[in-house]
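Take a look at the structures listed below.
Both complexes shown next keep subunit A, but they swap its partner, so subunit B is in the first and subunit C is in the second.
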Partner chain A sequence: MQGLKKMRMPLIFLLVALLFPLFTDNQYYIYVVTLAFIYAIAVYGMNLVGGYTGQLSLAHAGFFAIGAYALGLLTVDANVPYWLAFFLALVITTVIGTLVGLIALRTKEHFFAIYTLCVGYIIYLIIYEWDALTGGVRGLIGIESPAAIGPITFDTGISNYYLILVFLVLTVIFMKFLTESIVGRTYVAIRNSEELAQTIGINTMKQKLISFVISTFLAGLAGALYASFVRFIGPDISYTMMTFDFLMYAIVGGFGTLFGPVVGTLLIVILTQSLQFMEDFRMIIFGPLLVLLVIFYPRGIVGGYQMWKMKRAYKKKQRSVDQGSTYEGGD
Partner chain B sequence: MLIETKGLTKRFGGLVAVNDVEIGIEKGKITAIIGPNGAGKSTLFNLISGYHPSSEGSITFKGEDITKKRSFNIAKLGIARTFQTTNLFETATVMDNVIVGHRLRTKSNVFDAVFRTPRLRREEQASREKAAEVLEFVGLEHEAHRLVQDISQEAKKRVAFALALATDPEIVFLDEPAAGINPDETENLAALIRKMIDRGLTVCLIEHKMQMIMGLADHIVVLNYGKKIAEGTPEEIQTNEEVIEAYLGGGDKHAEAE
Partner chain C sequence: MDVLLQQLFNGLTVGSVYSLVALGLTLVYGILHIPNFAHGALYMVGGYITLMSMALMGVPYFIGIAISIVVVGTLAMLMERLVFNPLRHAPPIHDKIAAIGILLFLETLVQLVWGADYRAMPTPFADTISFLGITVTWQRIMIIVAAVVVMILLQLFLKKTMVGAAIVAMSQNREGAFLVGINANKVAMLTFFVSGALAAIAASIASPINLVYPGMGHLVILKAFVIIIIGGMGSVPGAIIGGYILGLTESLGATFISAAYSDLIAFVLLVVILTMKPQGLFAQKGAH
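Moving on to the complex of A and B:
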């Protein structure tokens, strides 16, 4: 019962997500929310390595694009069956992620951020310039929709919506189990202090690499879903702007929180779409909002909410327990 | 001897921070390392705990050479340490900070976590119990669910002790445990260190508070400019001419204040 109560908000959210397509006929709304779900999966990857393990990887859009291009090229050019291509796209992203991680993680803190920023830009350049393989600036057109699984087909917007929702829910469950376990605690210990983590016996290099590889896996997953959902990809999905969009979603929702990525991504994507009429002037609204949020809620919306709840629960407990604590070492 | 160093030397560029130091730490005893600021005490700790590689010399633990071992492997052998500054996770509870201390005795990986295998459940239970046990040992069982940022400086020191103890060590290195806390709290912390010895642990500490050291330590090693200048019982150290000259004498305010 306690667990159910704790999961009340996410379950309500899930219910709304499940029923949402039934309440709107507007394909555009469904399209936007589906896109937000895809981005949220990628943001979960960034959140794991950046928010939990404390290694800010700015190559994330690069891995998103690798997943997308791998799927696109395998299905369009190599005629590989969709789900096999999907699987291979994940493998390819993860392998490249491992190789990059092995080198990148030799650097620390801002050097790591700068290094991965460069890696991301190199991935962009490769996609942009390697015309023969990627189609360069023209991009890749005519990527097929996800192939049918048994009787279930994915050729409509709504079926894609549910498919991607399933992947998002799986991602959230995966992250929940991972981050709430002792394995997740290991990552948080590294974020907190790598020095201290080592002295309590954690092989920080190995743990950082694992979390980095998982993050690239999630980026690749999101990328592959993106490719077959939008059905057209261009080099701009690997551009630095995309990484910073992901980062913004994560920060707004709450870096290092379980539900931060989904909250932040949905909020910002929907807000961006509804403020479309303002064009680039949107940033006049976003900029100050982001600054205020970072100042007053450094752990984002979800982080701020959790902190408030924790403090309240503690005060409540203090009041119910009798005033005289046996321990006298308080401040 | 539980830990022995021979000819241990560490150079940072032209600076010799630790110079040909030979010390032995006896099992079940409290060994204190003292010396003026910049004498190389913390560097010595960093060498033994594997945080810095040594330039020369050797370190053995129970006869096993650990000179070239990495810090996380040294921790697994049963050598724990605390830092001068308590770098704890401030916005997490005391309990959450300590649970991860037992991680090195567990084997669960990402797959265990995602599929919630019996091994993971068992090891999480063990880590939680260990954390509760060490928090009780350091006297923080009532603060377990408070945020670290809300507890006192002394309590934070105790959390750092608890974290080190959660690794199931045989020896604990404490880097200035009594820095920044008042005399009463210092006395409480000294009592806790004695309690650790009673439990069969070995303690080695760096400390500037002379009164505390003289009452607590079984064996004292004095470093100055990276070199060992004396060692012996508190009485021997107090009467050692060279030590008085280097450290206690010359109107050293810090020592006198105690």
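Moving on to the complex of A and C:
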């Protein structure tokens, strides 16, 4: 029961997410929320390597695009069955991620950020210039929707919504187990001080690599889902601005928190989509917001909420101690 | 032969601009160890201020540049005061995120105020001149001359004046600089001003041969990062030499290898260098 109570907020969220399509007929709302779910999966990747392990990887949109383009090219040009292509897209992204990680992680801190920024730009340039393969600036059109699994088909907006929700929930569950395990603590140890982590016997290179590879895997997963959901992809999805968008979602929600990516992504995507005029100029508000958050609230909404809850619990405990009662709390 | 000469000349022009941008970046890195991702936005704002003061106020080209230097320098100084100073004790990842926030803000602001169109900047040096079998515009010659003059002035400033020496002292040893009574806040503000001014000059002299638009800083800043990694983060001569190396490699590569992928050269160079030497080519002791 204790565990269930701790998970009360997320479970309410999940229930709302499950019931959401039943309460609206507006396909556009469902579309926007689905898109936010896809981005959230990618942001989880960024959150893992950046928020937990402390390595700011700025090539994230590149891996997102690799996943999307791998799926798109395999289904459109090579006529590979959808789910096989989906699997292959994940493998391709992860393999490229591992190769990049092996080299990129030899660099540290600022060098790592700059290196990955450049890797991201190389991926963008290749997609943009390699007209024969990727369609260049025209992009890829006519990517198919996810193929049916048994009797379940994914040709409507709502069925896609649920499919992507399932992937998102799986991602969150995976992240929960990962970050609360010894591995997750290892990552935090590396974030706090790499030298210190090394002295207590952590193989930092190996751990950083694993977290980087998982992050590229999640970016590829989100990319593949994006390709078959939007059904059109262009080089823009690999551009640096996309990485910065992901970063912003993570920071607003809470960098290095379990539910930060979902909260931040949903909030900002829905906000910008509902205020259409903001689409182009959203950074007028979000740019300074990013700066303010990093200065005053580096743990974002979720981190701030957790802090507030902890403080409240602490005060309550203090009060009960003051009253000399042995009442253990737990209302 | 003519093609080679022409491309060498183009390389020098492009390299001059790269060097100026990289110099600003390396100065800030030397003092505060911040990779200022917003530097490209300063460059872009510099281009716009020069263009707009010429277009709206009708001032001559050089006055436009002067206005741009003051405006962008002040903007950079404000950035240091309002953002990087409060973050000086934060984990390094926060500086980078904050810099990205500033970059996004400035770019959108410029787009909101002046639109996303590509604009051409007029110049009094539009005439061409032929020598040694190549034909160039005076603007390109002006870029090279101006860059060299600015670099010499910067060197004199850093070596011969007390204020400049304070900047150098602080980049060499922070604690030592405090011990001899150097005011860290003032030096940091000054460094940001100089850095912004360099970006403004670079943008103003490069814009007549390129174009002015909100995204004009993206590639330049990435390449400037490549340069300071090649030349050593925080090293002034490294930034100058690195800038020219990159400019020449690019213009030769565009002619003799592939024009479409010429922008890739810088990044491939960086990836190769960091793959072999993760600390950068001329890793300085003390710099992280």
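FYI, the second predicted complex is superposed on the first by the 306 of 331 C-alpha atoms of A that agree within 3 Å, B and C clash if a C-alpha of one lies under 4 Å from a C-alpha of the other, contacts with A are read in each partner's own complex, and residues count from 1 in each chain.
Keep this in mind: a residue touches a chain if its C-beta (ideal position, glycine included) is under 8 Å from a C-beta of that chain, and two chains touch if they have at least 3 such contacts.
Just so you know, these numbers come straight off a predicted model, no measurement behind them.
When the shared chain is aligned, subunit B comes close enough to touch A:I214, but subunit C does not. By the touch criterion defined above, A:T107 reaches subunit C but does not reach subunit B. By the document's definition of touching, of the two partners only subunit C reaches A:P288; subunit B does not.
Of the two partner chains placed around the shared chain by superposition, subunit B is the only one that A:M307 touches, whereas subunit C remains out of contact.
After overlaying the two complexes on the shared chain, residue contacts for A:G201 are found with subunit B alone; subunit C is out of touch.
Contacts of A:F174 after superposition: subunit B is touched, whereas subunit C is not reached.
Contacts of A:P81 after superposition: neither subunit B nor subunit C is touched.
Residue contacts after overlaying the shared chain place A:V188 against subunit B, while subunit C stays out of touching range. Those residues of subunit A that touch subunit C in the complex are listed here as 50, 54, 56, 103, 106-111, 113-115, 117-119, 121-122, 125-126, 129, 240, 244, 247-248, 251, 280-284, 286-291, 294-295, 298.
Of all residues in subunit B, only 49, 51, 70-73, 75-76, 80-81, 83, 87-89, 91-92, 96, 99-101, 103-104, 106, 108-110, 112-116, 120, 123-124, 127, 139-140, 142-143, 145-147, 151-155, 158, 163-164, 166-167, 185, 188 touch subunit A in the complex they form. Taken together, the subunit A residues at the contact with subunit B in this complex read 174, 177-178, 181-186, 188-189, 192-193, 195-196, 198-204, 210, 214, 299, 307, 310, 314, 317, 325-327, 329-331.
Against subunit A, in their complex, subunit C makes its touches with residues 29, 33, 35, 83, 86-87, 90-94, 96-98, 100-109, 111-112, 218, 222, 225-226, 229, 233, 260-261, 263-264, 267-268, 270-271, 274-275, 278-280, 288.
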